[in-house]
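Shared chain: chain A. Partners: chain B in the first complex, chain C in the second.
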Partner chain A sequence: MPLLVPATLIVLVFLAAPLLILLRYSFNRFVPGQFMVEAFTLENYAKFFTDPYYFAVLRTTLLMSVGVTLACIVLAFPLAQVIARASPRSKPMLIILVIVPLFIGNAVRAAGWMVAFGQKGLVNTALAGLGIQPVTLMYTPAAVFFGIISVNLPYVVLTLQSVLEGIDAHLGEASQSLGAGRFETWRLVTLPLAMPGLIAAAVLSFILTMNAYATPLLLGGPQFQMMAPVVATTILSQNNWPFGASIAFILMVVTLCLTAAMNLIVARRYGR
Partner chain B sequence: MRRDDPFSRKPMSLGAVRDGAIRACRNAIEMMTSHALTLALQRLAHGAMVAAALLVILLPVVLIVWLSFFTNEVLALPPEGYSLRWYQALAGQPQFLAGFRLSAIVAVAATMISLLVTIPAALVMARMEGRGREILTNILMSPLIVPAIVVGSGLYIAFVEFEIATDIQLNGATLGLIAGHALITLPWSLRLLLANLGGLNPALNEAALSLGATPLVAALKVTLPVIWPGLVAAALFCFVVSFSNVELSLFLVAPGQTTLPIALLQYLQWKIDPLIAAVSTLQILIVAGALLVTNRFVSLAKVV
Partner chain C sequence: MATLRLDGLGKSYGDVTVVENVSLDVADGEFLVLLGPSGCGKTTTLRMIAGFVEASAGRVLIGARDVTGEPPYRRNIGLVFQSYALFPHLTVFENTAFGLRRRKIGEAEVKSRVERALALVRLDGLAARYPKQLSGGQQQRVAIARALVIEPDILLLDEPLSNLDAQLRIEVRSELRRLQKSLGITTIMVTHDQEEAMSVADRLVVLQSGRVQQVGSALDLYLRPANRFVAGFIGRGNFLEGVALEAGFRSAQGTVFPCGAPAGSVGTLLLRPEHVGLHRQQGHGMFAGRIESVRFLASSFDIAVVLAAGDRLQAQLPATPGAMRENWQAGDETFVAIDPAAMTLLQNDTGHADLNSQNQKGVSP
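Let's look at the complex of A and B:
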């Protein structure tokens, strides 16, 4: 199959090989002033889990991932339902409204939130109009929280939408005609049927938050640290490749394990 | 015998019957209004949630475009007035112009490489079935699954090692950026091409060949028209993915050799003002334009 060679080669040369080098370097030793010393040690991984600073980074990232994911699911479900049931005329419009922000880049969207959260931004201007004292929002975890929700929400909405679209509308009608209320119908019919999509959307949101870079950097400020910015700083600014490589690998393993677990659960419980 | 057995009760007085009836009516009305109220409240809450979700998605885009038209240089609401002066001021901002140029060059080159390698792959894969196709899909989609920041770390270190070994500089060079972006656009290209190849019947090509067409003519006159919509969509999508990338470019740029999103990111770490909002708005226009054109060829709802 010579036609498959060029594409596969690109992935092997520019992804697989660099990842192997990264893995090997994560076992090396970093000696300040001497850059990197060949070794075969697990001390970089041990440092990440024992150093309170990095453990706090991991905890912040995981807490943020859980919080953002819950908020995203709750916020996205009604919108996804509206899109799934929209008329053939309005559906493409709604989908474009959701997709375009997805691809305009995280830096630009973070900039938009800076306009909302600034000292004289939208939120504080609105509060002043109500006679309320201004609040500091920029460079707080709350700003990062809203910023990442905004980044993840389109993905979650689209994932849920595609599953909800496939659910037979007659099932809901049958449930209501048998006497179930709207909420009961949603809880007992729609939700179980949408479960595979819900799991996929939740895992996607979790992974995106774990790997968020531009949003925590711009909205969280220098004091607020999450995994992805720490990887970049450790490798690019501190030149500590072994430690940076080990954090990158931890990040990747968590991401891949979550993806695999999701695929397995969805396949096991919901058959394909 | 239980005390409240209806048959053991004494006959009720007329007044008690009337009171009972009134109470029953009142209860029924209350129940009905409260049911209607619950329904109305449910609908209101649902509408509010939908509005909130759309707001969270669209608000930052609207705000940054709005800011780009402010007269005042420092972010303060409400604006003192509106003007286009920040768009004129862009002409005097070499770092953004250079960033725009580099981003465009890298995006076009990466898109071309991606298409060149994925078109043949997609044509073969469309005819494959079962385990082989699954494994191949997993390999070629992996740049999308591995976190971009990890891909960036790996490429950066690999490029440094490559430079030490061969003296060819890739970090901070256009070539390095193009290679990295070709890698991350490849899965998108493949996905869009495959999504649109379902309709390609290999018998068509064989028919053309048996009717005397050369393989080149068959490819141009039979295969190309069938895969054309997917091809255009794939090209535009690759362009968008490359043009707006931050996480990978971050590792591969150098001072004086910066893509537009990285120039944006660096400026925003320092301050936010209408000038950077104007730059952001340009990026929004380019991406939104490309996506709207894509949507004419392939329904975006089906590919993302």
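Let's look at the complex of A and C:
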């Protein structure tokens, strides 16, 4: 038990305390010109839910998170399955290939996408070479969508792969010998058994997207707003700590609630 | 229910051949056991029949149907794995019903057939449990029920009993045999346990290095082993190198055993330890010798004897009251009696040089 003391202290000092302070800030009043005024008001929260602009930001963030997560699962599942079944010789190589992108920070990667997506970027140069009109990619929701997918995909692949690997290969064979084709075997045996890993991967991707900062900022441009960049702008540019703190809390609570709900629904559906 | 024919079946990985030219005819309702040491290709053969390993050569026929190119889910073969491979997310009932549901059978019939199958393996009452709530023996019986309920043409079992403890293994295997006979289902089981093989099989197939060494009943294989490998694998044996003369077989040490073999052939004489008798008094046709060691194994004595000429023999005496009274001790003088009818000459020209190097020294386990 005494061994737990340092870890508990670190969590308290570096995680719980700032959160509590931020929570307290979110009830303060913002008076332009002054930093903030001690108060106990819900006006910051009221502002968020009554101003259509901020509500739209939350909606965009949610849509983006759900979309990216679905896309990631669909893209990652076949890849994870290939890796899980790879021979012992090629498997480490494949896993390293998946991990390599993680060495590149989000901001650097987004900068890379900017080079590729720009009006005179790689994609449009290639299109021009083929005689096709340039398309606008930068500063579109699609750019953010693909940008975040590229960030999340390695995590989702690795999570799924580790679960798929734990499924006894004989189960698939038993299913086939009992008359189930390949797809039926996947649907009836592989998928239900992979469900815990699939939930974990989805939660991971969902949380990463809800809190995405660099990618929407760099690839979405000024018109496209998601929650995390809005928190930063509110606090850093407008110096509005109380409102920024309340947005941060709304983001956190929404993320937690939806994650818990997703867990519950899937757990009930698959009865475990 | 059907016959099964393997026709020149073979499997190679790259230039490594793991199964070579296996041809077998399995009769309708027959219980065949594939027996052989680890790595001899038993599982590979079974998986070729089931369709999980693609054959490099040869054909698999169920009845008149050539299934060599068919995927596993169209072969109608019941499969029981060593690891049971029960679906952990499904109940015993749903595990058993899995194959029936794939066949689009009505719910009422599914229910009655599953119940019958579970009763058959004496698991009625556990239908609502999940596999992890069952003992190993119960899980194994679910696996058997699941494979049987689809009324497969062929039932394949890969070391189905090896995860059970010794007591349960004997129980489940006799149950398996009873079930197989009452359903009359053509069955192939893989094992490397000779006792298990002999206790359930109608016929045994002894495999070594991917090749069939001999096919026959347990008694055939025991009495007329095709070669030294089979002789050492089915039962135990003393193997003496030597040549056959007019007078009988002369071992390398010079002892002449009166077995009727064509003179001039070089070979190996097989003497079963249980056919070696020990006496205190010299009698007709006995060999003088000395007891080297005695081990008591509850149901028998294992006794090592050195003959006057130097040949070493293992004798196995049943632990009868007579044998107890005899009380053989290391160092005792003894006279060894062997019925000439129990002397089997194995020709050395079996074509498999490796066979004869395996059990070069004395008794094989």
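Operating definition for what follows: the second predicted complex is superposed on the first by the 244 of 272 C-alpha atoms of A that agree within 3 Å, B and C clash if a C-alpha of one lies under 4 Å from a C-alpha of the other, contacts with A are read in each partner's own complex, and residues count from 1 in each chain.
The criterion applied here is as follows: a residue touches a chain if its C-beta (ideal position, glycine included) is under 8 Å from a C-beta of that chain, and two chains touch if they have at least 3 such contacts.
Small disclaimer: the values here were computed from a predicted structure and weren't measured.
Under the superposition described at the top, does placing chain B and chain C together on chain A give a clash or a fit?
Chain B/chain C on chain A - fit side by side.
Output check: A:P192 vs chain B and chain C. Expected answer is one of first, second, both, neither. What do you get?
second
Applying the touch criterion given at the start, work out whether A:L217 contacts chain B, chain C, both or neither, answering first, second, both or neither.
first
Using C-alpha centres in the superposed arrangement, which angle lies between chain B and chain C as seen from chain A, in steps of 10 degrees?
60
Residues of chain A touched: more by chain B or chain C?
Between chain B and chain C, B touches the greater number of residues in chain A.
After lining up the shared chain so the two structures overlap, which partner does A:L171 touch, if you call chain B first and chain C second: first, second, both or neither?
Touch status of A:L171: second partner only.
In the superposed arrangement, does A:T140 touch chain B (first), chain C (second), both or neither?
Neither chain B nor chain C is touched by A:T140.
Is A:T233 touching the first partner chain B, the second partner chain C, both, or neither of them?
neither
Touching A:G179 in the superposition: chain B (first), chain C (second), both, neither?
A:G179 sits against chain C, while chain B stays out of touch.
So, A:L97: does it touch chain B (first), chain C (second), both, or neither?
first
With both complexes overlaid on chain A, what's the closest CA-to-CA approach of chain B to chain C, in Å?
Distance of closest C-alpha approach: 11 Å.
Mind sorting out which residues of chain A both chain B and chain C touch, each in its own complex?
none
Using the touch definition from the top, list the residues of chain A that touch chain B in their complex.
Those residues of chain A that touch chain B are 1, 3-4, 6-8, 10-11, 14-15, 17-19, 21-22, 25, 74-79, 82, 91-92, 95-116, 118, 120-122, 125, 146, 149-150, 153-154, 157-158, 162, 182-183, 207, 210-211, 213-214, 217-218, 228, 231-232, 235-236, 241, 244-245, 248-249, 251-252, 255-256, 259.
Quick check on the complex: what are the chain C residues that touch chain A?
50-52, 71-79, 81, 83, 85-89, 98-99, 102-103, 146-147, 150
Show which residues of chain B lie in contact with chain A when the two form their complex.
The touching residues are 39, 42, 46, 49-50, 52-54, 56-64, 66-67, 74-78, 113, 116-118, 120-121, 123-125, 136, 139-140, 142-143, 145-158, 161, 179-180, 182-183, 186, 190, 240-241, 244-247, 250-251, 261, 264-265, 268-269, 272, 276-277, 280, 283-284, 287-288, 291-292, 295, 299-301, 304.
Within their complex, state which residues of chain A touch chain C.
Answer in residue numbers: 168, 170-171, 173-181, 184-185, 188-189, 192-193, 270, 272.
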